[in-house]
Amino acid sequence: MKKLHGIFPPITTPFENDELSLNRLKFNIEKWNRTGLAGYVVMGSNGESVFLTRSEKLKLVENTKKFASNDKLIIAGTGSDSIKETVSLSNEAAGLGADFVLILTPSFYKSQMKHEAFIKYFSSVADGCKVPVIIYNVTKFTGVDIDPSTVAKLSEHKNIIGIKNSSENIRQTIEFISNTDESFSVFVGTASVLYSGLTASAVGGILALANIAPDQCVQIQKFIEEGKLKEALELQKKMIPVNTAVTAKYGVPGLKAAMDMLGYFGGEPRAPLSQLNDADKKQLEQILINAGLMSRKVESGKL
Amino acid sequence: MKKLHGIFPPITTPFENDELSLNRLKFNIEKWNRTGLAGYVVMGSNGESVFLTRSEKLKLVENTKKFASNDKLIIAGTGSDSIKETVSLSNEAAGLGADFVLILTPSFYKSQMKHEAFIKYFSSVADGCKVPVIIYNVTKFTGVDIDPSTVAKLSEHKNIIGIKNSSENIRQTIEFISNTDESFSVFVGTASVLYSGLTASAVGGILALANIAPDQCVQIQKFIEEGKLKEALELQKKMIPVNTAVTAKYGVPGLKAAMDMLGYFGGEPRAPLSQLNDADKKQLEQILINAGLMSRKVESGKL
Amino acid sequence: MKKLHGIFPPITTPFENDELSLNRLKFNIEKWNRTGLAGYVVMGSNGESVFLTRSEKLKLVENTKKFASNDKLIIAGTGSDSIKETVSLSNEAAGLGADFVLILTPSFYKSQMKHEAFIKYFSSVADGCKVPVIIYNVTKFTGVDIDPSTVAKLSEHKNIIGIKNSSENIRQTIEFISNTDESFSVFVGTASVLYSGLTASAVGGILALANIAPDQCVQIQKFIEEGKLKEALELQKKMIPVNTAVTAKYGVPGLKAAMDMLGYFGGEPRAPLSQLNDADKKQLEQILINAGLMSRKVESGKL
Amino acid sequence: MKKLHGIFPPITTPFENDELSLNRLKFNIEKWNRTGLAGYVVMGSNGESVFLTRSEKLKLVENTKKFASNDKLIIAGTGSDSIKETVSLSNEAAGLGADFVLILTPSFYKSQMKHEAFIKYFSSVADGCKVPVIIYNVTKFTGVDIDPSTVAKLSEHKNIIGIKNSSENIRQTIEFISNTDESFSVFVGTASVLYSGLTASAVGGILALANIAPDQCVQIQKFIEEGKLKEALELQKKMIPVNTAVTAKYGVPGLKAAMDMLGYFGGEPRAPLSQLNDADKKQLEQILINAGLMSRKVESGKL
């Protein structure tokens, strides 16, 4: 199996006139191909996956694979509450080039999504999938949380090979690591704690921020691997306000607006999301300038 | 338009060997046809809708319509975060007999699901649907909540004709009523506050409990309409522990187990849900006995 | 024992130059004495009790008793996490005229404040108190919630005679009623569900709103007791936006500002609370006008 | 000013027959004096401060100072919602030997405890206190959370010199550090993220775990300062289950039971807390054994 390591952006899905734009996807991926990113996550939370039709999803996987350079891994977000549909979509995605699938914790019946249900769900999904499964824990979107003891149990399944933890709770991430063996890959799921996850031996990050600041995310990991903790921490501190802006504060619309400001194609999110208003764009721009991701424009001197 | 009034069960979906069982569906509906229920909600939260494939969903609508007596209205739960898919599924369901569609608030990007997004989402969906739309607010499953002011605005759309509020917060239900005009139908969404919703002029209830206690739910409304508040309240009090058992405490597995105990077909839920264990079944049985829904079995005398 | 029934305001504490103002207290109480209020709660949540010194608390009880007309009951909020201090303060308050004490659920160690701890706490407090105890459940301030089964158990103690439930969850209030016998007094704790609590046989309300709209609160109960549900519900609907404004939206500063607008003395809250800014005052005024609590001022025509 | 650095236990308060036991306090402190702890926090969250009378609090400060060796700093937890009482108690504590005061965020009126209120509260308290103030942010007990921007502003006050952050959210801790200058001391407030906080340049930890594992906590910091990250992380991983047991899982009763098992005096907590039952004690013992904090007893071989 390909060994997992490094930084992956859960890539945004480009739309033009509300339709999937493969040209814009190609443009973004070709730019990312020239960075040290380890691969791409399609249909992650930042990919507006819940707004896509099934055929759009498959087209996205196929084309991400097509545009990606050979050294980049493809991870497809194919999970839903239905085990049957999850397996079916995962295997079609695998057939189109996905190396791994990233599977959301089921979440509709929140109060019953505990140990037993997670074991049952992920075991069945992993049994059925042709490619290895990465568990995706993202409480802010699902309202459920997976326990370290459940992850420990699931890590014994030979087709469940890792987890993305999008929580800022680093204790939980450390427990995911300490309760599983070395072959199990724990990913930091939010750039705000990339430094802390990596110094706790996470293998890498799957990070919204890597859409707009791939070099900085890759550099944080590089610094840490070289023992340059101080430099890594300084870069981490600089990235926190940017990450907050493109996730908690402005969400996908903010991430797409930042992409437009930084030379990628962001474009509009799909309804019911709305693009940022002008005041928010100004604020976002200032945050990018403060972090050194873009230079102060002449006319923004008055800010 | 057909005037909405009365009690609707969000019917459970019967499975045998993990496959949809139309025979069992027929059995249940024929029993319910002989009650005072106003109609049926297919693919509501208790219908394990999130575990069904698209074609199973359509088969459910078609057959519910087929088995239902002519006086029963059919409401189909067809919402998802994707506007396009919601409209498409709704219209296919309408073609197969759905009189109304019940549309969940979109919920994945929770922090952005506020006024603007709800207005955009429900307006677009209602524009596209051939049958009237009922908004479905169920925070315990979605993690989002819709404001009375948003509902007031949406009620102005001629194809948005009501709301099911599954919250036990009766202040919110009263505000949904007081902020909309009389043509807008506000449904109580949980039997625990049926009495309180109806005395506040809700038009009826869409209630998990109505799967197993249709007569009692219908009777509460009848008592209130006859001015017999005391009798209604007594029946309400009796139903609360049962309702808690088949919703908050044991969920769909509990509801299905209770159906089996009370002469309906419940059967197993789909994975990752599990059927109740024996100890929980005993407890549930006792709750049904205490509420007078089943008689004490000889061998349960030792309980 | 005096039978509990009716509407009680948890009275605000008047300050001038940050000091307790007994004159202003007298002024307010004399106005309230002329209404149908059943009595006064001193040192409730709206009384800024947590900002008062012990001696200020006792002075408040003493003077509320002194200014209250003979027909008004005095309930003193004397609870804290410490059992010893709660008993001691309660008994001093009783010596100064408190007929009952209203005791907050202990709440600091939230995860351990369950059945056992509540039984232990309230039993000990009730054993030690010279006057009867009313349990005070207010999750929005304490972060803990008391179960109906716990209240049922506590209601067996002869010195625990009632509960104020400040939740808008009317199912819980109904359970407090149905799980206890008739001698146990369940109070609605927020005016937003006064109608629903009273139609479910609550004995009355302890309501922030009763500081500024005592007649309306009393009238809702009167209407219900006369079987005029429609009129009661209409008045309830009118009061909801006002109640939201002086509780959830603007808190104690909003309640005090509304008192100033309606002929009572409100004045400034104690730090760290701040008085409302002018924009919020305008909004609040408009809400009071809309509810018919004050007439439109000539100069407010431009609103 | 004394420079802050190192590990502090928020010491438990020993009771015998429900009374403060100075002998037991002396016994514990003399044991801790022989470790590398930097000092003691009296009346922290683990000190059952909310169950103590005012005079017991002062006696505790006085005697902790008396029993502590000269090299240990004394920090007293003296905060409550009342500014006046907080200043008064703080200054009395300072007079009895407290070098610093640890002041809880005010929390009763949760929805209003935002930036403005915190600025007003902590500025007033710090103005009035004779000794420097450390902010105490502990959302699990208070239900409120303080923003990095608020802490940044407060750090400009010359008498507010640090913060204890009890959240496991390490992003927030990093922001407290990056938004303040080097003279402001950020403490990790829970041992579960001690490693992560220290590698992010926190100055030390105020940790329940340090009551029972002072050497291990001190050693984690020592390893990090020596650049031995791997060793520090291994020790951190070992401590997480113990920390969970004596905080989230079993709380103060668990911490006290563990003290009894490890040669300190723990004893009973005050009501309404209860001591651990035997089954929980067995489990706790096993956790301590697994972490290497105590050796397997002969008779516990059957576990």
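To keep things simple, chains are lettered A, B, C and D as they appear, and every chain counts its residues starting from 1.
The definition used in the following text is that a residue touches a chain if its C-beta (ideal position, glycine included) is under 8 Å from a C-beta of that chain, and two chains touch if they have at least 3 such contacts.
Keep in mind the model is a prediction, meaning the values are calculated, not measured.
Novice: Measuring between Cα centroids, which chain is at the maximum distance from chain D?
Specialist: Checked the centroid distances; the maximum from chain D is B.
Novice: Can you check how far apart chain B and chain C are, centre to centre, with Cα atoms defining each centre and the answer in Å?
Specialist: That pair's centroid distance is 36 Å.
Novice: Round to the nearest whole Å and give the separation of the Cα centres of chain B and chain D.
Specialist: 49
Novice: Going through chain D residue by residue, note those that touch at least 2 other chains and give them in order.
Specialist: In chain D, nothing touches at least two other chains.
Novice: What topology does the chain contact graph adopt: line, ring, star, complete, or other?
Specialist: If you draw each chain as a dot and join those that touch, you get a single closed ring.
Novice: Could you list, by residue number, the parts of chain C that touch chain B in their complex?
Specialist: 168-172, 174-175, 177-178, 190, 192-193, 195-196, 199-201, 229, 233, 236-237, 240
Novice: Can you name the residues of chain D that touch chain C in the complex?
Specialist: On the chain D side, the touching residues are 45, 50-53, 80-85, 106, 108-113, 116-118, 120-121, 124, 140-141, 143, 248, 251-253, 270-274.
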